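Below is one structure, written out as structure tokens, with a few remarks after it.
Per-chain residue numbering starts at 1, and chain names A, B, C and D are given in the order in which the chains are listed.
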Amino acid sequence: MTQDAKLLEVRDIGRTFGGLAALSGVSLTINRGEIYALIGPNGAGKTTLFNILTGIYKPDSGNFRLEGVEMAGKKPSELAKSGISRTFQNIRLFANMSAIENVMVGRHCRTRASVLGAILGNSNTRAEEKSIAEMAKHLLDYVGLSRHAHMLARNLSYGDQRRLEIARALATEPKLLALDEPAAGMNPLETDSLKRLLETIRRDGVTLLLIEHDVKLVMGICDRLAVLNFGKKIAEGEPSQVCSDPLVIEAYLGAS
Amino acid sequence: MKKHLKLAAYAALLLLLPFATGLALGKTWVRILDFALLYVMLALGLNIVVGFAGLLDLGYVAFFAVGAYCYALLASPHFGLHLPFWMILPIGAFSAGIFGMLLGAPTLRLRGDYLAIVTLGFGEIIRIFLNNLDTPYNVTGGPQGIDLIDPIRLGPVSLNQPPGHAVYSYYFLFLLFALATAFVSTRLQHSRIGRAWAAIREDEIAAEAMGIDTRNVKLLAFAMGASFGGLSGGLFAGFEGFVSPESFTLTESIMILSMVVLGGMGHIRGVVFGALLLAILPEALRYVGPLEQSLFGKIVVDPSGLRMLLFGFSLILVMLLRPAGLWPSPTRKRELLAHGETAKHENTDIYDAGR
Amino acid sequence: MTMLRPLLAAMAAILLSSCAKQNPDSEFVVRIGSVAPLTGPQSHLGKDNDNGVRLAADEINASGLVIGGKKMRVEVLSEDDQADPRTATIVAQKLVDEGVNGIVGHFNSGTSIPASRIYSDSGIPQISPSATATTYTGQGFETTFRVVTNDRQQGEALAKFALDTLHARTIAIIDDRTAYGQGIADEFEKDAKAGGAALVAHEFTSDHATDFTAILTSIKGKNPDLVFYGGMDAQAGPMMKQMRNLGMKMAFLGADGSKSPEFIKLAGTAAEGAYASAPGLPLDKMPGGKAFVEKFTAKYGKIQLYSPYSFDATMALVSAMKQAGSIDPARYLPVLARIKMDGVTGPISFDRKGDILHGAVTLYQVRNGSWTALP
Amino acid sequence: MDIFLQQLINGIVLGSIYSLVALGYTLVYGIMGLINFAHGDIVMVGAMVTLTVARLLSDSGLPGPLVLGIGMLTAIPACMAVGYLIERIAYRPLRNAPRLAPLITAIGVSILLQNLAMMIWGREYLSFPQILPTRTMAVGGASISAIQLLIVASSTIMMAGLSSLIRKTRLGNAMRATAQNPEVATLMGVNVNTIISITFVLGSALAAVAGMMVSAYYGIAHYDMGFILGLKAFTAAVLGGIGNIEGAMLGGLLLGIIESMGAGYLGTLTGGVMGSNYQDVFAFFVLILVLIFRPSGLLGERVGERP
């Protein structure tokens, strides 16, 4: 393990769809323990980059490393195992499993019980199962959902579903937690408590990457951010710096 | 204490059932019970694929066939091999599992409906091969099948002895296996693996993002389901003493699927109930023929047609009215009744490539 | 479980009523089980078999039956095996449960074989009127018999006809990959080859197929003197038609599965000149043929195929019982194995395996739209 | 050479039949994303109705083609009604249900249609009265009959007609919009329910024509004739690129030719190890290969997997 400050290094990522360049030459670095945000107008390539970092798309060019290990081209499940976990913009919970079961699924890649173990129910498996359940309970408590542990995910309120998705992602013990518009559709009250949750998560040692439209939330919470426009990175830095960048202002005004 | 009493009552019921049935209705019905237990195993196996993992398999009977032929080839005069059943059954289950993975591998990336067609085709392919592998070397006996298959023996005792009472001994053997299958199913469902299957059924992309290797987990579902099928195929061959490709048609696959759907996909008790119902009901329909004969003097509605009508209707009506089956599991019920996000119309670029 | 209750009640009611019927004088009743596919695609043939058994039973009862000094009555228990091997074992078990004294059936080889183990286990004699696969009697069971010539015997006769009468030197064979079609085709192939004919093609189809143009064209390219088809009429008819449409003028020979009025209907005008064999003598040449046809048609309409055989099988069972003076299978089985009697279809006696001795095979040709026996 | 030519003709005729049936699959799949398992059985209904009419009229002295025409005109509305009912009763209520549900009802409908047909028309193979001339023409040593030509011609015409219907008419526009995105189509004023019903009814009419052709050509009809035919046709549709009208035609022809050539030559090529006994397997092998290597089919662009 390097004690390098750099957690994720993205280099020269490019990706085209049917001849259209969605991303070209994007490079950025996320440091350990920070909250990093990715913003930009619609169609700027944020989601494409996000999907590449979580393994849904393969990049056409460029690569990215997590703790110095090459990650480009890996499957989503492998990325999750390596320590990149995510949430979805349009919540994708296992709707008909209970909240706690959702979180337990997140433990999959950190546990190892085999079919044989499951059938025999030996002491290792039982112990593991117990630890899965305990960890899941703990995480539900952590995001403030312990009251609803046995409710079906589909029956939770919108804000709670967002929290559950975060708890599920945390169950994979990520080094980098990638959140796709976590505040979308939330009222100010919910957004506020989300902000507190994200800060807690960061405090507990997880690096955060978020894509967000809510510029106010982003500016208020992130340590650094990058701005994408037309598939290119047009600015990167601390919120105050980026805010005053003329290119950024133009991109946002031009887009709206 | 109450739980123990209940358990004892169930055990007594299962132990006495064949004798009560034999006395009241004759050994025919004990034989029907025997087959019903085989169907319970088959339905539970298919339930792993369809109910747990949400993968529609229309060629499931192929695995039943693989198990049956394994037994037939390894314990009959056909090759002069006479291995004991405790060796053959695992071989049969294992081979069926391998076939399950072979089927699964090319279909992993496919959507549900493609998967259904491919599995259907796969079932037919297996049957056609069984039917034709008598040339150039006689491997499967071709359409003639394989006869004189050894009965199952426990040590020196053949279950076919004494001849008239085989149905009872097989009942207990099959019961044992069916209970084991149900037990294994239950354990699997409530394990890390079972949760992974459920996650895939619910949302494959989210499952993958949570670190579940969907490919392996799906293959595992195919393999597990198939090996249950192979196991019951082996038992079938030992019980019947004769196998031929005629026993492994698409109709059987559909019948097993109907059992799973009717009982309640993913709910073990429901599936067992569905299997028993659909294994026993058609036999009861057998009495409709003579009844019609005596009432109308002729067969008005062909009972075997009636049986298929029953399957057809049960598939449609259950899906329309009780999509979670007659005996649904509490969670699955809510899901299937629900309308919305899981089944967004996936748009298809249909007309013309050149638009 | 609540759904099952009315069902079980209904079943019990039916069972009780049937028990009530047979109880009073049960020791004076000879129960003959008659098994065939009474439903399903082969039901017309299965029904035909069943009617043969019923006609025999009626005749025996009308003339009075005395076995071992007691007046008796034959009762026929008909069962439907749906031509399905698994169902066959269930109905076999059912008949054994009901205490049948003998079995006439099953119709198909694929059902007769698995069922034979159950009858053999219970020591109940089984005579199939129509199962022709050699394996049926080759299992070593003492209780299995048949009154119809097997594939071996029929294949031999077919080959002899093809070589000696039709003078075919080059032969193409098609079979439908069913137990029946493949069985007869293989036996024919063996004997035809042994007789010196050259097999130029062996093609295959299925019992659901309707398009045979590809295999026929392939055969056309090899221009054999004769095309032999092992399979049923439903395929043979359209096949014949497509053959003629493709301009193939060689002779067409089928076995008993093709020799039906249905074949002529399906092939239309193309049927003219086709050959097929059938086990046994033609009805009008059978010793009791004329009388049988009259009686049968008066009661059940047209004879399909094997009803004379199921009639004879029933008669053979009952004669053996009469001679043994007992309806106990263990007592009359040895008598049945040695029986010598004249049936409608000819003399009935069995060889060591239970196959009919001196089974005749007759060849037919379609002439003026109907099957005509060749001398 | 004439044998090869004959096999090619056999393949094209068989393939045209597959194409005819495949058009129906592709049409319905294109709009609803549903494999209508019962489509093959609607073909069977078409065949049975035509056959019934033809039998009734066969002694009337009317010329053969006219009888066939009347049969077809009866079969088309009958099949349309069946198709409409199926869609209304078995599929529409499940439009928003999970994917598995309509697939399972589709299988149920297929079984139901077969068994109802069996009860109405019986279990026997029914022979189609010989009302068309059986005269054949010789083309370079191979023979081809009038009905074979008719089959090839009509499947081409149907494909062309369907293709221009979808490209050029208002209805076609609405269908394309529905296929693209039913919600947006609704916003644009398209009545999605009506469009889906029309699609179904249209597909069923095509099935009726296919049924008429098949039964007249082979001279035979049977209650379970539709299932295998449907499977093969579905394979053809997937091969060509499901949802693509021209693809259905191409896939059908290819599959027909593959089957004919396979049955005709595989035995010789493999020295008798594999021959025409595997004829029914070819389609499934083709299907599996296509799905592995080119899930979008030959003419399709979309990848046939979940996004």
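By our rule, a residue touches a chain if its C-beta (ideal position, glycine included) is under 8 Å from a C-beta of that chain, and two chains touch if they have at least 3 such contacts.
All values reported here derive from a predicted model rather than from experimental measurement.
Participant: Find the chain most remote from chain D, comparing centres computed as mean CA coordinates.
Facilitator: A
Participant: Ranking chain pairs by contacts, what comes out on top?
Facilitator: Highest contact count among chain pairs: B-D.
Participant: Using CA atom means as chain centres, which chain is nearest the centre of all the protein shown?
Facilitator: B
Participant: Distance-wise, how many Å sit between the C-alpha centres of chain A and chain C, to the nearest whole number?
Facilitator: From the centre of chain A to the centre of chain C is 72 Å.
Participant: How many angstrom lie between the centres of chain B and chain D, each centre taken as the mean Cα position?
Facilitator: 31
Participant: Please work out the Cα centroid separation of chain A and chain D, and write it as a whole number of Å.
Facilitator: 48
Participant: Taking each chain's centre as its mean C-alpha position, how far apart are chain A and chain B in Å?
Facilitator: That pair's centroid distance is 42 Å.
Participant: Hunt down the residues of chain B that sit against at least two other chains at once, touch-wise.
Facilitator: 131-132, 205, 302, 305, 335, 342
Participant: In chain C, what residues contact two or more other chains?
Facilitator: Within chain C, residues 40, 43, 177, 204 contact more than one other chain.
Participant: Give the residues of chain A that touch two or more other chains, as numbers and ranges in rising order.
Facilitator: none
Participant: On the basis of the stated criterion, which chains touch which? Give every pair.
Facilitator: Final set of chain pairs in contact is A-B, B-C, B-D, C-D.
Participant: Of all residues in chain D, which touch chain B in the complex?
Facilitator: Against chain B, the touching part of chain D is residues 26, 29-35, 89-90, 93-105, 107-112, 114-116, 118-119, 123, 163, 166-167, 172, 175-176, 179-182, 231, 234-235, 238, 241-246, 272-273, 277-278, 280-281, 283-285, 287-288, 291-292, 295, 299-302, 304-307.
Participant: Under the touch definition given earlier, write down the residues of chain B that touch chain A in their complex.
Facilitator: So the residues of chain B in touch with chain A come to 184, 187-188, 191-196, 198-199, 202-203, 205-214, 220, 224, 331-332, 334-335, 338, 341-342.
Participant: Could you pull out which chain A residues touch chain B in their complex?
Facilitator: 54-56, 75-78, 80-81, 85-86, 88, 92-98, 101, 104-111, 113-115, 117-119, 121, 125, 128-129, 132, 152, 154, 168-169, 171-172
Participant: Which positions of chain B touch chain D when the two form their complex?
Facilitator: On the chain B side, the touching residues are 50, 54, 56, 58, 106-107, 109-114, 116-118, 120-122, 124-125, 128-129, 131-132, 135-136, 204-205, 254, 257, 261, 265, 301-302, 305, 308-309, 311-316, 319-320, 323, 335-336, 339-340, 342-343, 345-353.
Participant: Show which residues of chain C lie in contact with chain D when the two form their complex.
Facilitator: Spelled out, the residues of chain C in touch with chain D are 40-41, 43-44, 177, 201-206, 208, 210-211, 213-215, 217-218, 220-221, 234, 237-238, 241, 245-247, 262, 265-266, 268-269.
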